[in-house]
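After this come two complexes, each holding chain A, first together with chain B and then together with chain C.
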Partner chain A sequence: MVIGQVIADGISIAGILIIVALGLGIIFGVMKVINMAHGDLIMIGAYTTYVFSTVMKLPFFAGMIAAFVVTALVGALIEMLVIRKLYGRILETLLATYGVSLLLQQIVRMIFGPGGKSVKNPLESSLSIGSVVLPHFRLFIILFAVFLLLLVAFVIYKTKFGIQFRTVSQNREMSECLGINTSLIDTYTFAFGAGLAGIAGAALAPLKTVSPTMGLDYLVDAFMVVVLGGVGSLTGTAIGSGVIGEANQLLTLVTTETLGKILVFILVIIVIRFKPEGLFKMERR
Partner chain B sequence: MLKKMNLEKQLGILILAFLALFPLFASGFRVELMGKFVVFIIFAIALDLVWGYTGLLSLGHAVFFGLGGYMLALSYILQKGVPMFMTRFGINEIPQFMTPLLSTPVAFLLGLILPSLLAAVIGYFIFKSKVSGVYFAIISLALAGLFQLLINDLQAYTGGFNGLNGLPRFPIFGKPLSVNTYYYLLVVMALLIYLFARWLTRSHFGKVVKSIRENENRIRFFSYNPANYKIFIFTISGFLSGLAGMLYVPINGFISPLDVGIGMSTLLVVWLAIGGRGTLMGAVVGVLIINWLSNLLSERYPDAWQLFIGTVIVLVVLFLPNGIYGSLEARLNQKTLSKRASVSQLERGMQRGEDFGNKRSYR
Partner chain C sequence: MKKWTVWIALLTLMMLPVLSACSSSTGGSGGGGNDGIKVGVLFSLSGATAVTEKGMANATLMAIDEINASGGVNGKKLIPVQEDLASEPSVAATKAKKLLLEDKVAAIIGCYTSASRQAVLPIVEQNNGLLVYPTLYEGEEYSKNIIYTGATPNQQLQDFVPWLVKNVGKKFFFVGSDYVYPAETNKQVKALLQQQGGQVVGEEYVPIGQSEFSSVVNKIKAAQPDVVFSDLVGDSVSAFYKQYKNFGMDPKKVPIASPITAETDLISMTKDVSAGNISSYGYFQTLDTPENKKFVEAYHNKYGKDEPITDVHESAYFSTYLLKMALEKVQDPSDTTKLIDAFAGLEFDAPEGKIKVDEKNHHTWLHSRIAKVNDNGQFEVIVNSDKLIHPEPWAKVIFPDHAEPWNN
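Our next item is the complex of A and B:
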């Protein structure tokens, strides 16, 4: 029955990965921006949740919404001040957002201090099926990840913003000719991706210690998901998260955690060897 | 072209003179610090070969640096008997597989071979499949993260999170060197490596590699195999990084997982970006300026350091896309180029003079 527990844990980790990688995938896949500050946006989301739920004693879910709003605003600001001037220069966006990442970390450190903060778990009970124990909060994260996937799919495929967003991603010049305000769409897209990072931070806050450098671990994992799944593909993000989450847990069962991570890394490299664009390629016309 | 050579030469001689005279007017502590920067110059040149000249942004170069450094550091530690961190895990004898490290020359060789080998293997896997620049950057980033985790995890053999402390200072051939002697050794090494890299990037090989950066498909069309060139230069870069790591250990006195991970790797990229990539002098300038400034700042305002470096990165990327030295060079080049262009236009005009005259007379 240990296996059952491990698989269940793997699914919940996959849920976290989906939430973390969604925003990154949108920004990376559509805008061709490597956002090194993604981890720090997650961190800002977690701090926002901390302020709302622990300091102001509001319900956790209010913190979650606030996290989306705050990080979306921060994201819009980053896009307007920095990223806007760098489109088409992918590696430069990487460097610039690394600079932004250092700035964000230091600003948060100056406001909240270097120490870790904790956020109370809003759903402390857990569900047991046989000997498999699933804490309700982890179950919530899984459901929430699915909900977010559907929400993002809805936004991209059904709303007016989504149509413009896809148009811009496919042919920027043509969209401009058709009267779409591409720079506005860019700002919205970056803000949306950043907001998703903020929500990820809110969801992670009760599970981990909230600290200025917490984002880095998730950054690498999220990039691995995006690379494995295929850039710009929602299905790829979901499957990639599932594979990495499960592989991590199952391998940890037979080896150590670090060795498990290394094996997952090798797995990703092997997949990339044969499918350089990831498991699911985005449709391009 | 003449001016460009002059700038590099003049600045190079100026920096070399500064480095050579530095111990005469600075305290031992400052000399150690400057020695560390000289090591970073070697490391930055190693990255410049792959990023600046070949266009492969490696975000995990500290792995090679750390691998070299750890080999030498472990060798020093083991020579003093079974270290504390091993006995804590119940290892009371030096493990079989670590006994070769007891000899400094063997450790030195391993510190050169292992990083080169790792670079070759990774290069083989990544460049043989046509993984594009961005994916390569991300994969190397993950590699750095993993290597740091691994060093932490293998606490019984690497000292884990604490790193390896209390290493003997500068014992190159048995007896310890003075700070200044070791410092001058570093400066000479840096100069030799600079000249080697300069020669390499100006050779035929260097030209092929630069054309890979500019247009990989075209060079493939000319029946070159870009993958082999990339693997080769990545291996050289791994070798030089391992060497830098080993030179770093004696002057720093300790090595820790932080020297092998994402933080160190990205800092290296930042130095190069700020100095100017694709120009070896840019690597030198970037390392010296950023390290000097951030050291001054972190001594006076420990908090401001990250704000400063973050701001500098953003500003340089936005306003000086070629880095500090690169922009300087580009500006000088442009002047000479425009002068040359006007000269050649004049020449052409003179050649066509008759034609123009004829046309005019037609009207």
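Our next item is the complex of A and C:
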């Protein structure tokens, strides 16, 4: 029955990875911006939830919505002040967003102090099937990840913004000729990706530690998922999360935590070696 | 063609911590002149470990203020020269050099991580300076230029482990962050366990900063220990405690015992998660003594009532008083050799009770206490050591015949 627990945990980690990587998938995958501040946007989402649910004592889910709004605004601001000048210069976006990352961390540290904060778990009980224990909150995260995937797919494929956003990412000049305000679409897209990071922060706050440096851990995970799954592909993000989540759990079952992590990295490197564009390549015309 | 951009990028990345540290340094030159004694205060005010070190710097500055308000050292005021090492050991070395050579401080109080202490060690040895190091650490070190006022592992463990075996259970599962402190500490816990007839049923070390513990909790469940012994640090602590409870473990039945989880960590978890777990330290904020109440009140009045005070903050505070007493015993504060010798045998009524610097080994005799987190999410001291515990940089349980470098 241990294996059942391990597989269940792998799915719950995959859920966390999907939530964490979705925003990056849009910003890195589609806009070609290496966003080193992605982890810090997650952190800002977590702090927003802390303010709403712990300080103001509002329901947790109000905190989640607020987290989306606040980080989306921060994202829009970053896009207008920094990223806008740097499209097409990938290396420079890496440096600039690294600076933004340090800046955001220090601002949060100045406002909230360097110590960790706590957010109460809104679903404390857990579900037991045989010897497999799945905390309700983890179950919620799995369902929420699926919901977010569908939501993002809907936004990208069915809304007017989604169509314009895909047009701009495929051929900027042609879109401009067709009368699309490309710089406005850029701002919206970045804000949308940032908002998704904020929601990730909200979802993780009751499970993990809320601190100014919390983002770093997720940054690496998110990049790993996006690169493995295939840059710019939603299916890739989902499958990449599943593969990494399950591989991580199954490997740590037979070896130690640190070695398990290293083996996952090696696995990702091997896949990238043979499929440099990731598991799912986005069709380009 | 593009290669140089990459190099510039890398260089800039490496420079960032240094740059950020430069901008936040607060020069202490000017003022003072000949009528004061300069004291270096070297902690991280930014970066990963600032969470704890900021408070240590605050406790040091508060002690300096108190000392100056009550007449200073032989009529001379202490002048703090504060530097930020930005959680970077290399910056610690640079700043220590600056404090010793440019500011000519009589002593430096500072450093939290072992990495920063080890970076400062050669600097104080080469320039015959003095570092007062107020942090518990893994031991196995002695420098003629360092006074260690934090606990060595034996001081926290030699009462703690037998107590756990006797009162909680014999089967231990180790969870730790993957670096030197947990490795050295657990070596000692294992030696003590062997003496007590306890047993190790599992062991897991995770990379620093890891916050996903489902697989670790699974292994703990399978191993069915009586005690989970944690030396996790940083963001991992509250993530582990939360998920431990979340996956159906009950800290009131199988507690997490730790020599490193402190008041600062309790704030980042809710009380239903922390209640029942056990920590061992010489000092706890909730300690019920008149000296401690005075200390906690003064600290909270100065820095805000929600600021957590931990063992290392108290160490930084009494270390400053020890330095004052040592300075009072020497004619010339710049005579470092005499100043270091003046520390031997010093006694002081610290918030944790009377403490004493060892006559020989540059470490400090301290108390040992065991505290359980109560339902309000606060440490409640349940065991007090009745006497001071001898500091053993090389613990007798693992190094029975180690040479004692302080005798050379």
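What we mean here is this: the second predicted complex is superposed on the first by the 285 of 285 C-alpha atoms of A that agree within 3 Å, B and C clash if a C-alpha of one lies under 4 Å from a C-alpha of the other, contacts with A are read in each partner's own complex, and residues count from 1 in each chain.
To be clear about the criterion, a residue touches a chain if its C-beta (ideal position, glycine included) is under 8 Å from a C-beta of that chain, and two chains touch if they have at least 3 such contacts.
Because the structure is predicted, anything quoted here is derived from the model rather than measured.
S.K.: With the two structures overlaid on chain A, would chain B and chain C clash, or do they fit side by side?
M.R.: These partners clash in the superposed model.
S.K.: State whether A:Lys117 touches chain B only (first), chain C only (second), both chains, or neither.
M.R.: So A:Lys117 only meets chain C here.
S.K.: Identify the partner contact of A:Lys158: answer first if only chain B is touched, second if only chain C is, both if each is, neither if none is.
M.R.: neither
S.K.: Go through the superposed model and pick first if A:Leu94 touches only chain B, second if only chain C, both, or neither.
M.R.: In the superposition, A:Leu94 touches chain B and chain C alike.
S.K.: Please indicate which partner A:Ile13 is in contact with in the superposed arrangement: first for chain B, second for chain C, both, or neither.
M.R.: Touch partner of A:Ile13: chain C, not chain B.
S.K.: With the two structures laid over each other on chain A, which partner does A:Phe137 touch: chain B (first), chain C (second), both, or neither?
M.R.: After superposition on chain A, A:Phe137 lies in contact with chain C alone.
S.K.: Touching A:Thr256 in the superposition: chain B (first), chain C (second), both, neither?
M.R.: both
S.K.: In the overlaid three-chain picture, which partner chain does A:Lys208 touch, first (chain B) or second (chain C), both, or neither?
M.R.: The second partner, chain C, only.
S.K.: Could you tell me if A:Phe265 is touching chain B, chain C, both of them or neither one (first, second, both, neither)?
M.R.: Touch status of A:Phe265: first partner only.
S.K.: For chain A, which residues belong to both interfaces, chain B and chain C?
M.R.: Dual-contact residues (chain A): 91, 94-95, 98, 102, 106, 109, 216-217, 256-258, 261.
S.K.: Flag every residue of chain A that touches chain B in the complex, lowest number first.
M.R.: 34, 82, 85-86, 89-92, 94-96, 98-103, 105-107, 109-110, 216-217, 220, 223-224, 226-227, 256-259, 261-262, 265, 268-269, 272-274, 276
S.K.: Taking the touch rule as given, give the residues of chain C at its contact with chain A in the complex, in rising order.
M.R.: Those in contact with chain A are residues 5-6, 9, 12-13, 16, 20, 46, 48, 50-51, 54, 178, 204-207, 209-212, 214-216, 218, 222, 234-239, 242-243, 246-248, 264-265, 267-270, 272, 308.
S.K.: Could you pull out which chain B residues touch chain A in their complex?
M.R.: Those residues of chain B that touch chain A are 57, 125-126, 128-135, 137-139, 141-143, 145-146, 149-150, 152-153, 262, 266, 269-270, 273, 303, 306-307, 309-314, 317-318, 321.
S.K.: Spell out the residues on chain A that touch chain C in their complex, using ranges where they run on.
M.R.: Contacts found on chain A: 2, 5-6, 9, 12-13, 16, 91, 94-95, 98, 102, 106, 109, 113-118, 120-121, 124, 126, 128, 133, 135, 137-138, 206-211, 213-214, 216-217, 248-249, 252-253, 256-258, 260-261.
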